[in-house]
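Presented sequentially are two complexes of chain A, the first with chain B as partner and the second with chain C.
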Partner chain A sequence: MKTGIVTFPGSNCDDDVYDSLMRSGGFELTKLWHKDTPELSDYKLIVLPGGFSYGDYLRCGAMAARSPIMEKVIEFAKRGGLVIGICNGFQILCESGLLPGALARNLSLNFICKDIKVTVETSKTPWTQTIEARSTLNLPIAHGEGRYIISEEDYQELIKNEQVVLTYQDNPNGSTHQIAGLCNKEKNVFGLMPHPERASDLRSKDGLKIWQSLKSFLGQQS
Partner chain B sequence: MSTQITDVSPSNQNLAQRLGISLTEYQHICQNLERVPNYAELSIFSAMFSEHCSYKSSKKFLKRFPTTGKRVLQGPGENAGVLDIGSGWAIAFKMESHNHPSFIEPYQGAATGMGGILRDVFTMGARPAASMNSLCFGTMDFDRTQSIVKGVVKGIGDYGNCVGVPTLAGQTLFHSCYNRNPLVNAFTLGIVKANQIFRGFAEGIGNAVIYVGAKTGRDGVHGATMASKEFSTDKELERPTVQVGDPFTEKLLLEATLEAMKEQLVIGIQDMGAAGLTSSSFEMAHRAKTGLEIDLDKIPARESGMAAFELLLSESQERMLLVTTPEKVAPLKEIFKKWDLHAEVIGKVVSGNRVKMTKQRQVVVDLPVELVTEPLLANRASSPPVDLKQRWFLDRNRMLVATLQSKFQSLIEELNFANCEPLITQYDSMVGNRTVGGSQDDAGVIRVREMGEKEVRLALKTDCNPRVTWLWPREGGRRAVSECAINLAVRGAEPIGITDCLNFGSPENPEVIWQFEESIEGISEACQALKIPVVSGNVSFYNDTDGKPVYPTPMIGMVGIIEDKLPLPHSNFYSTQLELALIGPVEGGLGGSLMASSWFKRECGQPEETDLALLDRMLKFLQRLRKKKITYAAHDISDGGLLCSVLEMAFHSPYDCTGVDLHIPSGCDLDRFLFGETIPRIIVAYDSVERGDIENLASQAGVVFTHLGQTNDSSIFAVKQGGAQVLSSKLPDLKSAWNQKWKKFFK
Partner chain C sequence: MKARIHVFYKDGVFDPQGNTVEESLKKMGFSRIKNLRIGRVIDLEIDYPSKEEAKREVTKMCEKLLANPVIESFKHEIMET
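This part shows the complex of A and B:
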């Protein structure tokens, strides 16, 4: 499964994602550079990793969303390609319009790093199809701007389309309706604040469940 | 008058003095140069002869440290020390202070401290893998403490989090001696291939000298040495001396530098830290016994019209000096361009032993390297405090008449007995996918994932007990090392090396020099007994608050290795059906204890000497216990004695209902048993079926085993003596008070 991991200037979880997908096995990994515009049609999965792309200048993810490679990623997503954005990657997905809503400063105004529990809201996505709905995942978070905000009207739309994938059990940052992760209407683009790549073999292995689900989904396709 | 001074103005004695150069030093310079140095040159001497850069008061004492061992690949004197961890891999680590800037501007002071230590590590070719911080703050009744705490923690977090290096355990303490002089000591460890270590050598005649990273501004000029009012009328010099950090640039610099190293495009490299371009250029030439020619007009400057002395002394952040062969210049520049960074050739390596610098084709600096890098050592007077014996008096009677409940209450209200979670959750402790054990345990643990199948784990800890060090510096030194070693050992690690950050008052104060000398003796004694080498370090003098030196604070950073694949021992009550035992002396000394300070509102008593032979046996006991492959928890007894250690193990229990029954052994002194802080004492908790085995192991190792009690599900903390209950308290209430203490800092 050809997988591209994008490195923006300031990405700092690109190696972690690489390490985690390697440990999971079955992914053929390539690092992609933000200044390049490669042809992505033979890729099965694109990962936008966490970090502080462009130093979080302007707004988190705002500059990265307009980098050369993102034109290709947006094109890839619009054709139905699988794209996952983790933490800063989630911010980039919102900034580039691939996902609705936005991410704002945590309510406490402090950076928060800890292991937390999230509930899987739906199994009807490529990202969670082998995970039981309403089950709990232990995943770490590490962010200063992870408070997901969305209008009530747009939230109703998310609910109607079953786009909310993960919710916090003990809302750490003040996100609207405890949203920790969501996908687009078509379910091929997934953004989440928790770091599944940091839960592959240390402290928790629940991050692997997301990679497993992906492998199963892609296996059915081929 | 000052405005007329230019780079090439001849200097004089008065000017030298204003730049902090003594008459003897000035005469030494003139004699060796056979002329008077000009102003730019004098500025170089002023920076390089400063205590901060020259170690002129400390050098002769530091020689006493043991610095060799089978794992040592690089000892003190480089950007960081390096130890072999096997299978072709090594670790580079160091600790540094950023105390004064963190008082003046807590956020930037702490942030740039992080930046500096990270660069020290990646200039060695190592990828930073973990950081720790030792923070000493003033007390809450000092009005600036809260903003200093908040600023420092945010500064560390914003910098380290952005660069993507996890911040693990560390140490945080509060004492009024740090009110106007907080200590911010940052430690970083990086991973490097043992055969790809880079050093600060300007080697190879004809090689290019390259400036990389951020542009040079006026920030930090004369930061360390200049305190003269005369210059304050000059507007150009009124800029703040605290530098501003940019973690984003640091991240790019880190990646570009490591990429250039991987492509074998680097011969020598050094961070532009204190005294910026001056120290990096002279030190690199010094190590390689070469000379340099530098064209100051080539330096990427942030502002126009900068004088040579400003370019030379600027402490602008995120800059490095590199040396490489002429044909590698183009590919090297290409890599830095890819990461959107400047890389400019500013000079070349030449034969001889002089550094020559030109500006607008005029020679502004022409100095022999050794004259700059080998300053005259300062011969400082040393004398013990006259009131040492008074400090050692502890009024036991006043403690004995008090009720246990009142003493217990006084201890648990201590600000220094608190949950550090509100602070550490602001640091990304997990980035890098290496963090095995968290910041809340005795020591942080990471894995070296680069090693693949041969992966080892490393345990890291920083420690110092300033109360003890003030009362008895030699014991303070011994104890800082011993405490770290015990903390690593309870996590299952074998200590392999040390870095230090020695924070003291003014070296012109004979009492401070005595403290310094004695602490170093203590550290050396412990290192020798435990066979742990010192591989890097830093000295920070002139830490005075309200005219008084801070408590001597020789901070130790220690690294341990875990080569087996066994699970880590617990450090909490992982079950409500455990038996507890004390390993080590039944009673501990009250001199210098947190209990004594809390009760008498001052430090008092003579701390009991650490029995280093016993400590060595204790470390062996812990290693053998680990090899038993049984499940157990182990936790060190330090601040607040056995009582606080038991409480910490209970607070970290996953079960809210955890309760503890503690039995006081017959015939022992209650205060000394519960609150004493002699090293080494540890608590182990285990399933009762293991008791016989553990007791046997202890007796074989020659350490005392004392049954302490058990955990239960009553959520009550109870202390019993001969069947009678002498203390009882609800654990959830105690825990909630312990949780709340530091939250107020971050509201």
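This part shows the complex of A and C:
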């Protein structure tokens, strides 16, 4: 499964994602550079990792969303390709318009770095199809701007289309309706604030469940 | 020509920073205040043949990058120098 992990200037979870996917097995990994515009048609998965792309200048993810490689990633996503954005990657997905809503400063104004519990709201996505709905995942978060904001009208659309994938059990950042992760209407683009790649050994292995689900989904397709 | 752009959270989007600063001012005795909002000011030098064109282009810059229309609003002024 050809997988591209994008490095922006300031990305710092790209190697963690690489390591986690490698240990999960089955992913053929390539690092991609933000200034490049590679042909992505033979890729199965693109990962936008966490970090502080472009130093979080202007707004988190704003500059990265307009970098050369994102034109290719947006095309890839619009053709139905699987794209996951983790933390800063989630912010980039919102800034690029691939996901609705926006991420703003945490209500507490603090940078929060800790393990949290999220509820898996649906199994009807490539990202969670082998995880039982309503089950709990233990995943770490590490962000200063993770307060997900969406209008009530757009939230109703998310609910109608079952786009809310993860919700916080103890809303640490003040997100609207406790949203920790969501996908687009077509379910091929997934953004989440928690870090599955940091939960693939030692304390929690729950992050691996997302990779396993993805492998199961891609296995069914081929 | 110069442009000055102001970007703020939209009304209705909670601004925790503004709220915290407002609380501080109140604790310092400035009790006759409310709705403190903190935004961003962006200054730039521009070169367009007319003020109208400058306004149109600066508006585009705001819509495409400088403000996030989901949570922020913007206004700008064009100054002849």
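Criterion: the second predicted complex is superposed on the first by the 222 of 222 C-alpha atoms of A that agree within 3 Å, B and C clash if a C-alpha of one lies under 4 Å from a C-alpha of the other, contacts with A are read in each partner's own complex, and residues count from 1 in each chain.
Assume contacts are C-beta pairs under 8 Å (C-beta built on N, C-alpha and C of every residue); 3 or more make two chains touch, one makes a residue touch a chain.
Quick caveat, the model's predicted, so the values are computed rather than measured.
Trainee: Scan A:L58 for contacts with chain B and chain C and give back first, second, both or neither.
Mentor: second
Trainee: Could you say whether A:L29 touches chain B, chain C, both of them, or neither, answering first, second, both or neither?
Mentor: neither
Trainee: Identify the partner contact of A:I74: answer first if only chain B is touched, second if only chain C is, both if each is, neither if none is.
Mentor: Neither: A:I74 stays clear of chain B and chain C.
Trainee: Check whether A:E197 is in contact with chain B, with chain C, with both or with neither, and answer first, second, both or neither.
Mentor: first
Trainee: With both complexes superposed on chain A, which partner does A:A104 reach: first (chain B), second (chain C), both or neither?
Mentor: second
Trainee: Where on chain A do chain B and chain C both make contact?
Mentor: Touching chain B and chain C on chain A: residues 108.
Trainee: Using the touch rule from the top, collect the residues of chain B that touch chain A in their complex.
Mentor: 154, 157-158, 161-164, 246-249, 251-252, 338-340, 425-436, 447, 449, 746
Trainee: For chain A, which residues are in contact with chain B within the complex?
Mentor: Contacts found on chain A: 9-10, 12-13, 15-16, 19-20, 35, 50-52, 54-57, 108, 110-114, 140, 142, 144, 195, 197-198, 200, 202-203.
Trainee: Across the complex, what residues on chain C touch chain A?
Mentor: That would be residues 9, 13-14, 16-17, 20, 64-66, 68, 70-71 of chain C.
Trainee: Can you list the residues on chain A that touch chain C in the complex?
Mentor: Within the complex, chain A contacts chain C at residues 58-59, 62, 66, 94-95, 100-102, 104-109, 149-150, 174.
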